[in-house]
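Next come two complexes built around chain A: one with chain B, the other with chain C.
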Partner chain A sequence: MTEHVATNETILVVGGGISGMTAALEAAETGKNVVLVEKNPALGGRTSQLYRYFPKLCHPVCGLEINQRRLKNNPRVRVLTLAEVSGIEGSTGNYTATIRIKPRYVNENCTACGDCERAVEMQVPDPFNYNLGQHKAAFLPNAMAYPQRYVLDPAIIGSADAEKAKAACKYGAIDLDMKEETIQVKAGAVVWATGWQPYDAKKIQPYGYGRFKNVITSVEFERLADIHGPTGGKILRPSDGKEAKNIAFIQCAGSRDENHLRHCSRICCMASLKQTHYVREKYPEDGKSTIYYIDIRAIDRFEDFYQKVQADPSVSFVKSKVARISEDEHGNPVCWGVNTEGYKRYTTPHDLVVLAVGMEPSVKGVDIPGHIVADSSGFIEADPANGAVFGAGCASNALDVNRAVQSATAAALRAIQVVNKVAKAEA
Partner chain B sequence: MADIKVAAYICKGCGLGERLDTDALVKIAQKDGKVPMAKSHDFLCSADGVAMIRNDIDNEGVTHIMIGACSRRAKTEAFYFPSNAVARANLREGVIWIRPDTEEARETTQEMAEDYIRMGCAEVKAMTAPGGNPNTGSSKTLLVVGGGVTGMTTAIEASKTGYPVVLVEKTGELGGMAGKLYKRIPVHEPFKSPADTGVADLIAQVMGDSNIKVYLNATVAKTDGAPGRFVVDIATESGATHTEDIGAIVQASGFTLYDMNKLPELGGGQSPNVVDQLGLESLARAAAAGDGVIRRPSDNQPVKSVVFVQCAGQRDPTGTHLAYCSGTCCNTSIKQAMYFKDANPSVDTTIIYTDLRTPGNGEDFYRSAQEKGVIFTKGKVAQVVPNGAGSTVKFHDLILDDTEAAMADVDLVVLATGQVPNSGVDIFAAPKESEEGAVEVKPISILNLNYRQGPDVPQLKQGFTDSHFICFPYETRRTGIYTAGPVRRPMDIAQAREDATGAALKAIQALENAELGRAAHPRSGDLSFPKVRLEGCTQCKRCTVECPFGAIDEDEKRFPVFNESRCRRCGTCMGACPVRVISFENYSVNTVGAQVKAVDIPDEFSEKPRILILACENDAYPALDMAGMNRNEYSAFVRVIPIRCLGSVNTIWVTDALNAGYDGVMMMGCKHGDEYQCHFVKGSELGRVRMSKIDDTLKTLNLESERVRDLEVAITDIERVPEMINKYAAELVAVGPSPFKGF
Partner chain C sequence: MSANTAVAEKYRNNFLKEIEEQVEMGDWVKMCMQCGVCSGSCPTNFQSAWEHPPQELFMMIRAGKREEVLTSSSMWNCTSCYNCIVRCPRKLPITHIMHGIAEYAHRLGMAPKLQPTRFFSGLFWKNATKTGRVNELKLSMGLYFKDGLGAGIKEGMKMKDVALGLMKAKRLNPFEIIKGHACKDQKGIQAMLKKAYEIERSRKAAKVAG
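After this line comes the complex of A and B, so read on.
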């Protein structure tokens, strides 16, 4: 939270999701200085966009609150938001990272009072809600946003609305002349925790995502269930706003498929099992879930969660890779395929189809600075050739939150080993 | 105690100046709060406002600061005064944002703000800035219990970071379970074939590291002390005991395979040709040492057909065997099938499974097995019948829905039986009545903690060591003791090594913070610690029994002995203490009690009830804040006090409030039970048990039971909490005003 000067005893953490925050905090609480770089305007990453966690069905923002408090109390972590690493030069113990910081148009005077938001009229898509809804062009990224500071969408700059926002702010917090800046940060070691992105469901053509409004992804479904989401926590289908009570979950949408993602994304089975709870929570009388699956991977201690869902009469399981989805005249998505347990054909309409989309490492297709060794799926491998750049969390493997936190804690130690050596050499 | 000088600062920004009479608030701070230096500022969190406060600290000798502005969760960078005692009166999220901006609401809104100023002044005066626990230790040595892959990795990684390690292994050699394997599951591209285990290399690293001291054939006989100053007795085979000073501990005691003799229906123990996964590994090692051919144990004939039975004694909902999945057996069976196929493609290898579980790049390994000709059959094995040298495997074929499916004359059957953690003694288990004739094997303690609450780390329901499972997986309920590897979740070598590395960091962090007198997670860095006035103690032992972290022991006279470095600062001891002799510098019976008493209670004819809310600062309080941000209105009659945990609530706060004429008390804490959400694991549960007995107190006061309400609140309840408050306020109107008003 303060402006310590980065040296080659500093640890640079790239990515401010649960893994990056964990790596940064664990290192800082061991007495190391950290620069934490996040590309979005607030920390929290993809976990902050989840409604509940499996298997406890608790709320991710609960842990986020603790992590934010740890940050607020720890002067060793310097947080840069709207920032992206565009290059890293140097070698173990002596890196220089180039970081591009986009203008926020709001400075530290912001009190998060919301006057600018009320003053403007322009609406822009809300990426926190996967663009399922819109928000004002002067906005707080989400209810739990840290830093708790407003942002102006670049689209508003130059408009009369921007001037309205500026005029509404009594605290001189809005600076319409803010420009993108590039800074350089020294670091002895780097933790690369850029997380994952949902596999682009449009690429799975037979499932009609993008063509049929009532075919959505699992991450979008999280936002529908969340009280902070576009429907205020009601499960309504996008086409007509009708209550979606009969919901299909399609596993391995992109995963375990050589045409898409080779790997199994690990979390999707548990995520769908968890989401059947949302259906029951919102529609206790007549909610109905159907899971189309190849194998249910409720791995290790999650098995009893699976058993509880299996015992729920409102949930049925069909062992099948759905062949295709069509749309009937009522706008209902219809799943076509063969149930391999007994080889029975089915053509089943649902109110809504949720694709359990796979986890693609965010490093894939992204220009990683330096020469990072990754496997064929794009996950960063533990390899001496990576020097002191350590993958953490879902940048390194398809992981759930619990495992991502373990991975991030381990990465923090690897980084500490490097900066301790630097410190020793300099002492 | 050094002289204190208190100053109160009232912000007029964010609409506070328009919605509230801030001049009156300044006067309240002076008159009722008895703070001589009280000021208002148009924009307190601005550089100018903060400079004003900073100047008063530097030049006016201000030690205690009361800020009447936004929530304590907001503008924390601006209001960062770590050397001072600071209280925040939440006038923004807690008052003007939850009240309508109307003429009729103005009076009650102002009263609410005035009370928060009174409360803030009372609180800060009862506080001192925490100075850190002086009872520290400075040992920088890690103790690692267990010499398998997990333990060796922890030791190597800690040593690499610059910390000495003592490693204790109960057998005569390092390597553990992984040391018994022929090969491991691959962890690098192309994920196609079994790989070297790497165990020999790890052993060489450990043995060659002068920073790692290894005790073989040794166990931990006694663990005394606290992080930074553990004293550990290590018993060796010779009978000698060695004592080591230890800073922090990693328990890497691993797993034992589930006993296949408990599965006679699957042929376990019925034939030498039915083996578990470890049995197959030893056959493969024997083969590798010989001609490379895996042979049938009964007659040493080459194996021509082998069936792998997945989930043997696992995923069992009946409670007879393991309820969980061990997560690694699918990959292990694939690997073992490849032992056969790679040596001789003509061997028939069949894996019978219900759900094949090969996450991540395990999928490539699975694909590779299919390419090598391993047969995967979706089915549930009902019975393995050995006859002669062969066996018949009867199963329900789930694809053909054939309940009578069978494979005959199978040379070898491998049961994938799963991992049972070596967790030591389940310290909270109810004593089991042993059945007639059954031989009860008593679990042996791993750590032999000389703690009042028992010798080992608490366990979860399936026998794995406890942790705050999702967000904070390393946090056991024994500070400075971390568990790693299969003792806390079934895992393979790759995961165990990752876990071990993380655990090494946590252990290093714990001993470093213990030396500085700071708390560990979740209040990491907190310098406050429990202080006890022993002269008032009645030796009731409630604090020692309740502490969720086993931090408090008892001396021979049964007085509590606080081990501050084991303490996580939740305040459960303070809540439990009936004579109120336990306090923290900045959080005490007094800091909250003074706030309770500072509230102005209107008389019974005013129709202005007062409701006290004690809200968990981790979840309920942020929920209330976000309700404010969302402008969700709630009653102006409530007064909210954040608390560290429901467990820290002392009954006196509730009785004091009722005696003072409050009409009701709401307690808001986190979910408890198996799916607990309490960051102190047991805090909210203990608080609830304590409060369930409040009815007796109410009876002695002749008050209705409705006057105290215990509520489970989650951080997302931003709509539900205002509804609950408003509903309760309405209910209290029906109950009528408290008879204690005006006394």
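After this line comes the complex of A and C, so read on.
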């Protein structure tokens, strides 16, 4: 699978989330050759881990499915999964990337029948569910994984379970001798679409994430609401499995804070407004959401979404950034603060607290090959000094899915222009 | 014209600018985004409750509520625990701003006269600068008698056992009431203080005139 004929007219796309998929497809559909590199075993990134997207509250299955179909039909995109770029050398029109590919232990013969999963017993943490649950060590990364092919966790290799998985496979798809390999890929332009990671909520010490079980992050809440998640779509609190009906959402958990992330992460207000819908959907009778906020930033066209949530009697808004969280004797997280409207002090217990954590660019603090110019938050800037390495999606800014797609299309266009020049020069 | 009316005239209808220019660290006030973390983090705020927590004071400054801010006892309640500074998402030096506003109100003669912190600060300063050493007996007695003779005796009686204990442990000398200990170079310390006063007075006068 390493025989790729990549030239200076190839576009390398790093990251296979919604932005990377979009950039790769847009470029490939204009006739360019693209290599798409994804570090996880499946494409889709953080988008695939959402329960629904705003504003239409559709499931990500829909948008991703279209892209997956485009990918399947397009021979110009070569997808490398479990692959990471470890170095890029060269300059505009002439880059060489070094890519490290981790072993999957499952080859192209896999039909995703699931026999290996049934055969093994070992359980490992499930990163798709933010480690809230476990899955078998022979697993399909998620229900709509692309490529639709199983993976063996490295922990299983050398155990009796690995042999059981191999024996169970009717198609000879399991290859326990796969080794890590390093390949070189040539490219004329690079689109860096490595996305974002949720800010490490443990660093926001007064909120007690990591100390109090019933304080979770917004990305974890997405998994709780999802039918494929660790609770099968029930909103249950982690400490005792009790139904969480009185839920607090804390905005700007990490964002807009000089001690944490300087920037506004843009999506968190909308994400929490969206998540109040989950509460009402799961507990239509007595679900209750409280949003603690500094000011709601329902960016431009989403103001009407905000107004609809405001009109919902099960949702209340408290204009205050919570100062700290404690835990009472029933394991309820208690929010402490002062409401800016009237300067009233409150100490309010909830069943569950959801921290609307900020977006941190995945590239922050990472030594991006090629000395990329980034802003003070670590997002890649559109700077001529970056040559033909272009940031796309959340590697370039805090964006929602819609804007990430726009940003990726723009990056693809820039990359296309570079390889067009290369093609002209070579002709 | 008193110092107060002079500055009030100078900054008419622009109290924020007055605070920015006259109060130490006052130029930070405009950076507040009213999130409320300072108020929520304030340990004194959840017990006796200030009249105006820091974030409200900042808003009042912007709203030009000069009289209410400067005569308020709120900023005098700050215990300098620094919780607000540590947590402020905009990194405002809130503790220092509170002390700055308190000092400014005091300088203009607008601070509440019998506010315990202000009263104690004055008492402490007078006590310490007199001889260059703090006379603890006179200092605590001075605070007890703040609200009159009757209240002072009552307060003193309440603390009687503590005082006796301190005497037993030789941590309190009853004869301090007569004269008290002092530092060696009395003249030197007074000269230093005089110079310091002079420097500060000229600096503040320049600020008001500026």
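One rule holds for everything that comes next: the second predicted complex is superposed on the first by the 423 of 427 C-alpha atoms of A that agree within 3 Å, B and C clash if a C-alpha of one lies under 4 Å from a C-alpha of the other, contacts with A are read in each partner's own complex, and residues count from 1 in each chain.
Just so we're on the same page, a contact is a pair of C-beta atoms (placed from the backbone, for glycine too) under 8 Å apart; a residue touches a chain by one contact, two chains touch by 3 or more.
No experiment lies behind these values; they were computed from the predicted model shown.
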Which superposed partner A:206 touches (first chain B, second chain C, both, neither): second
Broader residue contact with chain A after superposition on the shared chain, chain B or chain C: B
Touched partner set for A:26, first chain B, second chain C, both or neither: first
First (chain B), second (chain C), both or neither touched by A:351: neither
Contacts of A:220 with chain B and chain C, given as first, second, both or neither: neither
Partner chain in contact with A:321 - chain B first, chain C second, else both or neither: second
First, second, both or neither for A:256, with chain B first and chain C second: both
Which of chain B and chain C A:65 touches, first, second, both or neither: first
Which superposed partner A:340 touches (first chain B, second chain C, both, neither): both
Common ground on chain A, meaning residues reached by chain C in one complex and by chain B in the other: 256, 319, 340, 343
For the chain C and chain A complex, residues of the former touching the latter: 33-41, 45-46, 49, 52-53, 55-56, 87, 89-91
Residues of chain A that touch chain B when the two form their complex: 1-2, 18, 25-26, 29-31, 53, 55-63, 65-67, 69-70, 72-74, 108-109, 111-114, 140, 143-144, 148, 170-171, 226-228, 255-256, 262-266, 295-304, 307, 319, 340-343, 375-377, 379, 381, 397-398, 401-403, 405-410, 412-414, 416-417, 420, 424
In the complex, chain A residues that touch chain C: 206, 252, 256-260, 294, 319-324, 336-340, 343, 345, 347
In the complex with chain A, residue positions of chain B that touch it: 13-15, 43, 45-46, 70, 73-77, 80, 157, 160-162, 188-191, 315, 317, 323-327, 355-364, 378, 398-401, 462, 464, 469-474, 489-491, 495, 498-499, 501-506, 508-509, 512-513, 522, 524-525, 618-619, 622, 626, 629-630, 670-671, 675-677, 679, 714-716, 718-719
